Amino acid sequence: MHLSEATWTDAADAETDLALLPVGSTEQHGPHAPLGTDVETAKAVADAAGDAYDGEVVVAPSIPVGIAEEHRQFSGTLWVSPDTFRSYVRETVASLASHGWDRVVVVNGHGGNVPALGEVCETISRHDAAYAVPFTWFEGVGEHRSDMGHGGPLETALLRHVAPDLVREDRIEDAREGAAPRWGEWVSRVNLAVDSAEFTENGVVGDPGEGSRERGEELLALASAALVELLEAIEARDLGALGR
Amino acid sequence: MHLSEATWTDAADAETDLALLPVGSTEQHGPHAPLGTDVETAKAVADAAGDAYDGEVVVAPSIPVGIAEEHRQFSGTLWVSPDTFRSYVRETVASLASHGWDRVVVVNGHGGNVPALGEVCETISRHDAAYAVPFTWFEGVGEHRSDMGHGGPLETALLRHVAPDLVREDRIEDAREGAAPRWGEWVSRVNLAVDSAEFTENGVVGDPGEGSRERGEELLALASAALVELLEAIEARDLGALGR
Amino acid sequence: MHLSEATWTDAADAETDLALLPVGSTEQHGPHAPLGTDVETAKAVADAAGDAYDGEVVVAPSIPVGIAEEHRQFSGTLWVSPDTFRSYVRETVASLASHGWDRVVVVNGHGGNVPALGEVCETISRHDAAYAVPFTWFEGVGEHRSDMGHGGPLETALLRHVAPDLVREDRIEDAREGAAPRWGEWVSRVNLAVDSAEFTENGVVGDPGEGSRERGEELLALASAALVELLEAIEARDLGALGR
Amino acid sequence: MHLSEATWTDAADAETDLALLPVGSTEQHGPHAPLGTDVETAKAVADAAGDAYDGEVVVAPSIPVGIAEEHRQFSGTLWVSPDTFRSYVRETVASLASHGWDRVVVVNGHGGNVPALGEVCETISRHDAAYAVPFTWFEGVGEHRSDMGHGGPLETALLRHVAPDLVREDRIEDAREGAAPRWGEWVSRVNLAVDSAEFTENGVVGDPGEGSRERGEELLALASAALVELLEAIEARDLGALGR
Amino acid sequence: MHLSEATWTDAADAETDLALLPVGSTEQHGPHAPLGTDVETAKAVADAAGDAYDGEVVVAPSIPVGIAEEHRQFSGTLWVSPDTFRSYVRETVASLASHGWDRVVVVNGHGGNVPALGEVCETISRHDAAYAVPFTWFEGVGEHRSDMGHGGPLETALLRHVAPDLVREDRIEDAREGAAPRWGEWVSRVNLAVDSAEFTENGVVGDPGEGSRERGEELLALASAALVELLEAIEARDLGALGR
Amino acid sequence: MHLSEATWTDAADAETDLALLPVGSTEQHGPHAPLGTDVETAKAVADAAGDAYDGEVVVAPSIPVGIAEEHRQFSGTLWVSPDTFRSYVRETVASLASHGWDRVVVVNGHGGNVPALGEVCETISRHDAAYAVPFTWFEGVGEHRSDMGHGGPLETALLRHVAPDLVREDRIEDAREGAAPRWGEWVSRVNLAVDSAEFTENGVVGDPGEGSRERGEELLALASAALVELLEAIEARDLGALGR
């Protein structure tokens, strides 16, 4: 059930304690992919998993602005502070839980959100009346994972599958030419770069040419299957261990 | 230009200092209208005005969860605290302004957001590097305004025009029967009710039967025209008076 | 019972759950009316209603500094941020409630406080051990309401009745000459002005010459009667609906 | 110049950078002295010093609710948290300073406010555009100081001088009988008591019978003279040492 | 039991509700004494008292950075804001209390921490599941107290006893020559100085030459005896008065 | 230069802009290793690197309490909230930077601190007058990294080398028997466990028997060499890219 489209009476009829909360980011994804890439992909994975799960799952509306200050030099990038982002997610989850949907997966499409989502989900699970975990879709795609980049093979592939009109095919060549081979500037496993503009000229990391539509289809299948498996485990999990 | 769909290179090419930030709420709108009504309507008005305005306007992604705790007893209603909502809007506006789009209209679809948006826009205009004002679409529809209600004539009408599939026509009769004639319980012009559940049984205020698609078309025309006029005034306004 | 003048033993004897908390502002009111106008008037209305109410009502000391940054260009105007103001009111109400006076009317004399008081009273009523509502005196004066202005007819009239020495009669002429006809600069029902100095030269809105002492007497009678009616309704109100 | 009674035009004419901000507390002072004692006395000292100082001094309105949770068991005691109190004082001082009155003495009537005022004045002087120091009147009365108590000799004496009607003479005997000889329960110079109710039955510490009107007159003279001397030193002080 | 050196299984075996939390400061103490003086001394007193107390006491690790902005002009001085310091202490105490050690003495070595520790311990005792009091070691040394200074007789003496290698004996002469005779610049019992650099050239107050090792030995004996007495009183204290 | 032991005059003489801030945690490390393990190890690595680096480096005192609520069920574990931890680190770094040491490595000994340190260092580098990066020692030990565990091979080894007295050799057998093979309970690469007590009986993860003193010596050499390399890179780095 998509909450945005349901009425409150539909919502009241939903018999489940599972909810998905897609969160993304509005930020540069190179010259060829839209600023909304991370919302689009998070939503696509949440939708696919919601459909595939054998049982009712509430899908909340997608949170469009996340933690993306690292891309601030690229026009159109929006961001809020980690504190504000955590509060926004935490309180939204609390309102979901108030209706009985108190096992929540935050379905994430943006690497920059990962640490804050880990923190806020732990806070929720320990101190609020809900259990929450984050799921970042490109962590759930098996071997493809190592190819992530930024605006690179995986995101381009998934977009080509779920929102092909948003990919500027005529700029793919530019995108790969200005791309950085890897994220960050590393010494002793520490990234010395503060912003992405320090290491990528056009905002891209990795080769978007490696992101075919077919690969996108596979990525969606893998990620949504991983999320379904996660939903099953959460539904089955005994939360008594948390002292509830 | 819709930011979610544009690339950063498109955004960098935009020659404007005007931006629209749609904000809504995910909350009960009776048995006949979707929980996402206030996002849908805010977005529709922002889009229409962005199209009609003679010049470039950046349209940011819509913020889906607002201040709606007053509807908490109705299933599916989501909300954040006023503090968190203000921070989320303020920081999003600041990131818009960082790219040069520093004259921002927050296009609002929800009455419960109005006081907080007034406050945060004043804070932004006085203390941040941007000028922001809130525009609530149903304030910009002339005489229709007095008919607002909740899930009532105006919202039902506008939805029938912009998202007819989301209106449950077969529940309109139920909706009008359980509706309250007016918002709140008033003594000496003070509303004694804390939550909407204290005065409306099914969440509706006003008669959704009075909300035809034709009326919705007129509402969109009126609201978007008012917003265009506002954009023109803001574009022309000398902000030197703020001591910048 | 005026708390400032009572002893704690008197307070312990008070058999009521009703309290009034006057809040004002210290801010410009033109060349003819004192900076303390909004405190003086709020206190006068609270006192009159406390006297007129048939039963015990605790009257707390008046909070003198509110939300008035909009008048910052006029010398002597004091203000705190909305966050600080809400905290100060909320915690003061909580301490009133700790003594059993947990039905509280915040009696307000300043338009700039209205949104923040609405928000904080809702927060108190939903989340704290008290029920609170705001009452702004010039909302409770019937048809006079439309004449409000700033340092205009209503405030000048009420001051002439309750604190005539504080009105500079010899500057009334100056006051009306430099006055603005209305508050704000409006386009599409949105006020584009951030500060009052953008639209009023001497800080006045409306004609203070229209504010006779007799009118002030009537205003006090109307406002205090409205407040008494509100107290009666609050005393009688079943708060079980809040789930207490 | 008393800000509450002045107009903004009067305030604009004031040629000074000195301001006094009286702060008190609304809290139990035994069965014989009013809850407003600390506001009344702070205001009296500020007024007397303002009159006696040879030059213009702006006197701000008195802040009536301070840090008094230690008296929470006694009816009528009001309090806010130290954080809120500091914010309220800091922001009020900032608005005073915005008009050029940037050397501010916070004139305090309540022991419980002392640590927080020390902290906030240091914060202001180091980080804001103002210089502020706290002056607690009963610290400026020479040898009398050791007699302070609570609702005891000094406060009773000063009240008898400045507000005799507020002292319940017929309860003085009760007051002294239930009084504690000293404040707190001490081991190794640490006060183990958290609240005053742990060591005083009726809220009084010290013998109010030792507080004659004549003594009150002397206290006011001493305290206001000390405050005048402080104003002179502050006016003369070179603040360049703060790096301004 | 020193928590840092114990294992969790040792900790689980501890049968006590008493804990000591040493807090210091890293700040200038003249040319002869180390920046860590206040941590070293607080720890020494806590250790000695922990050893001398007839029963089990948990000694937590020492908090090394406190409230010391007043020394900011002297190189090496570290500080956090009072808000952050209070939160750090409060939450650390809460975690101690979660293991059953809910009667806590914060053993303090720095004057600048005193007001904030008083405030946070009251907050803890009133609102958290613990009882906490602050003990500042140089308050517990009888008549020596009046000699405190800064980097002066008492601190130099105690260091010579507990950490003689950290005292630069060859700079004592310099230290006394550049020392100020007293702390602050006082008018009407108000300190007009904001930072210590305004009244001491080399950071020292008082004569470190008056601080022999023998005196240090006596100071440690006095302070730890006072702390043991405090622990005994706290262990015996009935906390029912707090309404637990 | 160790700040705790240096005087301010020594500090003023230091010619460097490099500082190390060790941060640890006081938390369970099984029945055989001390609660202070993460402080001890962070400090050892910082000290070794400070010694090995060819140039001056300021070493700040170690922060002993971090983010460790996940171990709350094990006695003796202390923790503060992520917000408080970030503030404590951020403000400490700001005071380091105020003395010219504005290139700071936070040397970390605890996995639970990693996300918060990443966030706060980015905040510092973008918004404060300093550049800061986190270095977690067990990330800098090459292939050993995969053996980390908790109270397992690496920490036991390093302790045996730097603080052998703190390792309870007679409990190693118990430690390995009750140990979990890996950290967490994973589904779709998401850890479903909220606290460590959900998956480890005695708090240990990995086999401490695999942690010989010799291995500890090698770990210290590897980690400190990696940190030295990091210091060299930071010293050489052009921070102009941050727009300073």
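Each chain gets a letter, A, B, C, D, E and F, in the order it is written, and its residues are counted from 1.
Please note the rule applied: a residue touches a chain if its C-beta (ideal position, glycine included) is under 8 Å from a C-beta of that chain, and two chains touch if they have at least 3 such contacts.
What you see is a predicted model, and the numbers here were worked out from it, not measured in a lab.
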Shortest path length from chain B to chain F (each step joins two touching chains): 2
Taking contacts as defined above, which has more of them, C-D or A-F? C-D
Please work out the Cα centroid separation of chain D and chain E, and write it as a whole number of Å. 30
Using the average of all C-alpha atoms in each chain as its centre, how far is it in Å between chain A and chain C? 48
Can you compute the centre-to-centre distance for chain B and chain E, using the mean CA position of each chain? Integer Å is fine. 55
Listed in rising order, chain A residues that touch 2 or more other chains are 83
Let me make sure I follow the ring: beginning at chain C and going to chain D first, which chains come in turn? C, D, E, F, A, B
Taking the complex as given, what residues does chain B use to touch chain C? 69-70, 82-83, 115-116, 118-119, 122-123, 125-126, 131, 133-135, 139-140, 187-192, 194-195, 197-198, 226-227, 229-230, 233-234, 237, 241-242
Give the list of chain B residues in touch with chain A in this complex. 3-12, 14, 26, 28-36, 39-40, 60-65, 72, 74-81, 83-84, 87-88, 91-92, 95-96, 98-99, 166, 168, 171, 202-203
